[in-house]
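In the two complexes that follow, chain A is the common piece, with chain B as its partner first and chain C second.
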Partner chain A sequence: MKKKFDLSSLMRSKLTWAVVAEALILLVCLLVRPDFFKISYQPSTGMLYGNLIDIVNRSSEITIIAMGMTMVIALGGTDLSVGALVAVAGAIALKFMRWDVTVYNTPGDYSVYPFFLAILVPLVVCILMGLFNGLLIAKGDMQPIIATLILMVCGRGIAQIVTNGKQFTTGYSPFRVIGQGSFLFLPMPIIITIIVILCVSLFVRKTAFGTFVEAVGINRSAARLSGINAQMVIFIVFAITGFLSGISGLIYSSRIMSNDSNNAGLNYEMDAILAVVIGGTSMTGGKFSLAGTVLGSIIIRTIVTLVYYFGIASEATMAFKAIIIAVVIVLQSEPVREHFAKRTRSRSQFARGGALK
Partner chain B sequence: MPETNLLEMRQIEIQFPGVKALDKVDFSLRAGEIHSLLGENGAGKSTLIKCLTGVHHKDAGTIILDGKEVQPQSPQNAIELGISTVYQEVNLCPNLTVAENIFVGRQPMKHHQIDWKTINSRARDLMARFRLDIDVTRPLSYYSTAIQQMVSIARAVDIKAKVLILDEPTSSLDDNEVKLLFEVMNDLKAEGMGIIFITHFLDQVYAVSDRLTILRNGRLVGTFGINDISKVELVTQMVGKDMDTIFNLKRANVSPDAPYMLTATKIGAPGQLDEITINLKKGELIGFAGLLGSGRTETAEMLFGAKHITTGEISIEGKPVNIAKPYDALMQGMAFCPEDRKLDGIIGDLSIRENIALAIQARRGFLHPLSAKEQNDLADKYIKALGIATPDAEKKIGELSGGNQQKVILARWMATEPKVLILDEPTRGIDIGAKAEIQRLMLEMCEDGVSVIFISSELDEIIRCSNRVIVMRDKEKVAELDGNTCTQSQILSIIAEGAASAGGIAQ
Partner chain C sequence: MSGKNELSSRQSLFSRLTNPKYVMVYATIGIFLVIYLFGVIAYGNQGFTTLRTFMNMFIDNAYYGISAVGMTMVLITGGIDLSVGAVASLTGMFIAYGTSVLGVHPLVCILFSLVVGIGLGLLMGWVIHYLNVPPFITTLTGMFLARGVCSLISRESIEIKHPMMDALAGWKIYFMTLKDGEWVRIRPSAFINFNVILFVVMIVIGTIILQKTRFGRNIYAVGGNEQSAKLMGLPVGRTKVLVYGFNGLCSVLAGVAYALYVKSGWNLSLQGAELDVITCAVIGGTLLTGGVGYMVGTLFGVLLKSIIPALITFNGNLLSWWGKIATGLLLLLFICIQKVVIGSTSKKSKKK
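Now for the complex of A and B:
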């Protein structure tokens, strides 16, 4: 028996419908703006410009976080604290660059402490916060949604404390590179995202870690009795998610060259969860798809772009976004997929004269 | 016989992709009859039942209920037609009360509000009919599996069913509970209900049914009156081979000077297990007999580090070891097939391949993954060696039958090449062919020098396989018998002694 291309099982895959949704949204964009796909090269910055580049660039923060969120959801949990961690990372980075604003009172191209501290400390703190989540969940046996609610709520407070409630700005050029620089004609956030995707994918699929995550997510007790250290798996997943939130936070604050404890990473947890779900990973845990998550994140960003292009009043953007997402989710729902899978199957049977045997 | 049939299924055919699940099967059920449906896993019993309950749709054939042709479209539809089913796994909500569970979805209303009084009093009456005096306002999870099972039967009966299907209702019940269930079944039968009874326990078939129907490989073998077929003949018909060939097993051969593989000295924990000592020789099989809750499972879990011991010590090959968690036990060359396959054994959504590779992978750590080729070789090897019925290694384990799931779990541990293998009820709820195969595998491993601890509720298989039998009662070891000479009645009387003395205290 040779393996045949099976249209019916393709129709049943959530990923297929995510691709369809993305294509449809892009098509609408193209209809509204015929030059939507145009990409141009700007020699002065050495970067490519265009809507498609912009969509990918702007989706970076969510994509990076969603890589971790995919594993959290595969474990059967959710991490609500990622948005707050974005704010924490930005605040700490800015704190190290400006330190005491009464002394260093004008923002400029300088950093008070060595630059590596401004990068390293936020990331380490975010990892520790991720480990704190993991501790509550693995050792304290708390539900992830409750455990991470703690940092979601108090994370922004911590960010405020770090900067004494002030909003710092900086003009330090090495920091600017993270969010606004370029490499190989592409914006730096895209490069960072690609590296993150590669690292996470390799870690998950080239080691047995992905299988362990799935096993623990599907049946923690059976995984433990098979000798898997479920607690350690949970620790690692939440630490990774914290770390990735930190990276995302650095990109965000580098884009605005400032920290914004109130708005940085606002609702990122929801977007990241949404990206994972659109990507085909079930909220009940188990099998996960990193590629799907990347696509999900890009879809969300494309929708936002579409909203801008339609010239919709800013008050209505959230509602509009919600409607399109609802359509995408319905397209991916079990009954719809089953319906199309059945139709293709019966049609192909008909084409073969209805005689399968 | 002049009796008319309550239910008649004629020439039922169901086609699944690639297999004919049912091929021209006839089945009939009279009012006031208990009719057993028998066959190995995959024989088509569940498919036939699912066809009747509207889960699967037949491709050909007719179903006649009470003289009218019916086409059950969905389980809900089947219930409306008067066909109620109780599945092996309790399909109730553990967080709702007993009464709520019985009436959920069809609560009696009064003034547009749920009439709790009626619900609770009717539930109490219903449970009284089942000879159960329990508080129906307690959450279901408060009660034992047996009572939960009774509640699900009560629910099915209360829906005014004409046909009641009991799919393996006894697999988690002990003897007294089974007896109670049979009384209830006989009551229902007397009321004119037709009962379809599916079980792997042949003694129970003979104890309660009027007629039986045997299926094999999706075909009807025949329908017999209960007195018209002997047990041996029945098994032969079910399996297609006779019993002697199936259970042609030889006890493991342990030389008297074989070294001790595992010694557990006075291990225990307060309230769970009372300081028990086990000396297991290399290549020996020790059987654990005792009732549910006698401490058998606790012993196994403590040896494997799934439960903590507060006293005693464990040594392997003479060296004391510290086992705090299952991982430690795995590293010491131990393996454990847990009692509840579904809850603690299988990783349902992962493939057979991934399930088999899991324990080895856990031992190696995730940083040293098995290659795709190693995993495939491993899976193919054990699928062949254990005769796991599956089209390929990528099928999800959750989609396999119970016996095949058990084989995959066994394969997971055999792949780690353990020194000590602990099996807790490995043959529960699986058919006789798979049962015999698992026993054979167990004994073969003993021949290869693996020491086995075998826990089972079925004394005949304990006696058939064990070199020594440890009898457990009330969380302690009460006897250690020679497997070659001990008898079923001897073990039973040891277990019963305790029950009698416990009864004495209660009085």
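Now for the complex of A and C:
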């Protein structure tokens, strides 16, 4: 089936505006720094270096979470607990590797418990926490934003209690690989992100699950009446989001080789939701676009990189993020898109000599 | 409308107070009393029963309470506002930078903050209603903007030094008692300050707006069912925009209260406060789906949230992190109660 090229539908597509926005930001980057797109190879680490690589690398935590968040939002909900889960995952992983810590000492290249436990336990805990969210929402019939607010408030407290309020550091080299290693010339987080994107897309698009999610998001009762186990769909989606937050938490703590229960994953829920919305998935639920989400996450990171170039304080990037996001969101908003679509339609009709409506 | 009002005024006070729509407010007050009683039994001999401890709960959380007044209204319309913490922080920055660096009178700074805060609120309300952008995203952008501007002003904490601000922050009314024909301060001394008065005044104003004005009724109508409100000919757009504007006002006042409380401005202050404020409102019985919520509930929501750290301080052995977990559990408890209450009332109405 070949789609007819139609400018008005293109103007109406949210993804188009996201691509345009990213292209514009990259263009500004190029104007500020002519060598922006340069990518170099460092033989000593076996990794490619460059701004583009860095943007994708640094966006990976948000991208991974946003994959799950896309489905949550497609269900018509939001998951506020992801940032706290990032902190929990990091805390548990470090606790397992540094169980012996009583006082601060220089971290060595060792792990108290086997490495697979330090990786597996945080992920399992995150899945359980995701299931807890799912339980409240599916069985308790609560609003997702409130149900996940509980773990958002509790989560950081739990992370602090796991580590007894301490910050552990580690020098364990297998753990370092997750956030700082490389594979096929690319930083490990990018590889993990690609695997996650592939797995989620395959699961969602090659099975009926994606359709189920959209159906539940559009009308839960109707979906249930047509034979979809809506509760199970909600459970699975929140479990996946918890799992992905756990992976993101491991990457984050591997980057800093430490746990940071206060700042790990801070505002990740906000960034992930923004990435999803910029990517064109509507907050009201229904249809979703995983490709858009990846793009949205990269847009957010590109803005941050661009602002660094102007030598502005890292906290102040938020203001610029806000302005660019505001523009994207206003352009994506229904009235504006309809307006543009109408104008293009009437213009093209005019060019074809058709009558104006 | 007027007929219903006549009917309700004819009802006795008792039957009005036992109206099932107040169940959530009573639940909040009840749980607060239970926890307070627990504190009295457990730590009564350590001074938990004193008026000072009770007033400290107001003093330490006045800025949350002021912000919660506006937030309650926003939540009743079915919206959400994530920008409150950042706007309050921005107000603190304006006051600190204005008085300490630029040498401007604090009143001018506060006035400027009011213009900015209310302006941002109205703008967000306009975007939410007329551009149909979800409130969550719009106010999140507002939060990023305000927080970013904070950091653009300064990344360092700035001390607020101005005679007027010092006087306002140090101004206290002590509770007095008659002893041997002379008025003396009660011991241990308990007092209220400007923040507490501002908090109580805002709660009263909020109650009056919600219960006694047409604007308040519009807020409930919009939150109950926006489509019906529109069909009834109510000014839905104006109501929503004004609610966000009012919330901007509350955020700025909360920022002023916070600035008086800590006497400094810092770009990262009050991070995550927006969710604490929402938690206060939800614990107070406000439904996030809109249409339900009372200021009295919010008042006790703030008190409930502030009694937990007080108890942890009195215990002395627990890590302060347990406070977060306790707050989360409290939230869970309240949502469960809400579910049960709503479930039972909807069943009743079905039976009718």
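One rule holds in what follows: the second predicted complex is superposed on the first by the 344 of 357 C-alpha atoms of A that agree within 3 Å, B and C clash if a C-alpha of one lies under 4 Å from a C-alpha of the other, contacts with A are read in each partner's own complex, and residues count from 1 in each chain.
The working rule: a contact is a pair of C-beta atoms (placed from the backbone, for glycine too) under 8 Å apart; a residue touches a chain by one contact, two chains touch by 3 or more.
None of these values were measured; they are calculated from a predicted model.
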Combined model on chain A: chain C and chain B, fit or clash: clash
Partner chain(s) touched by A:208 [first = chain B, second = chain C, both, neither]: first
Touching partner for A:219 - first (chain B), second (chain C), both, neither: first
Contacts of A:229 with chain B and chain C, given as first, second, both or neither: first
Partner chain(s) touched by A:334 [first = chain B, second = chain C, both, neither]: second
Touching partner for A:108 - first (chain B), second (chain C), both, neither: neither
Which superposed partner A:171 touches (first chain B, second chain C, both, neither): neither
Partner contacting more residues of chain A (chain B vs chain C): C
Touched partner set for A:46, first chain B, second chain C, both or neither: neither
Chain B collision site on chain C, chosen from 5-13, 131-139 or 221-229, when both complexes are overlaid on chain A: 221-229
Residue numbers on chain B that touch chain A, as the complex places them: 304, 306, 325-327, 329-331, 336, 338, 343-350, 354, 357-359, 361-364, 366-370, 412
Footprint of chain A on chain C - complex, ascending: 80, 82, 127, 130-134, 136-138, 140-145, 147-152, 155, 267-268, 271, 275, 278-279, 282, 288-289, 319, 321-325, 327-329, 331-332, 335-336, 339
Touch list for chain A against partner chain B, complex: 206-209, 211-212, 214-215, 218-219, 221-229, 286-287
Residue ranges of chain A touching chain C (in the complex, touch as defined): 78, 80, 136, 140-143, 145-147, 149-154, 156-158, 160-161, 164-165, 266, 270, 273-274, 277, 283-284, 312-313, 315-323, 325-326, 329-330, 333-336
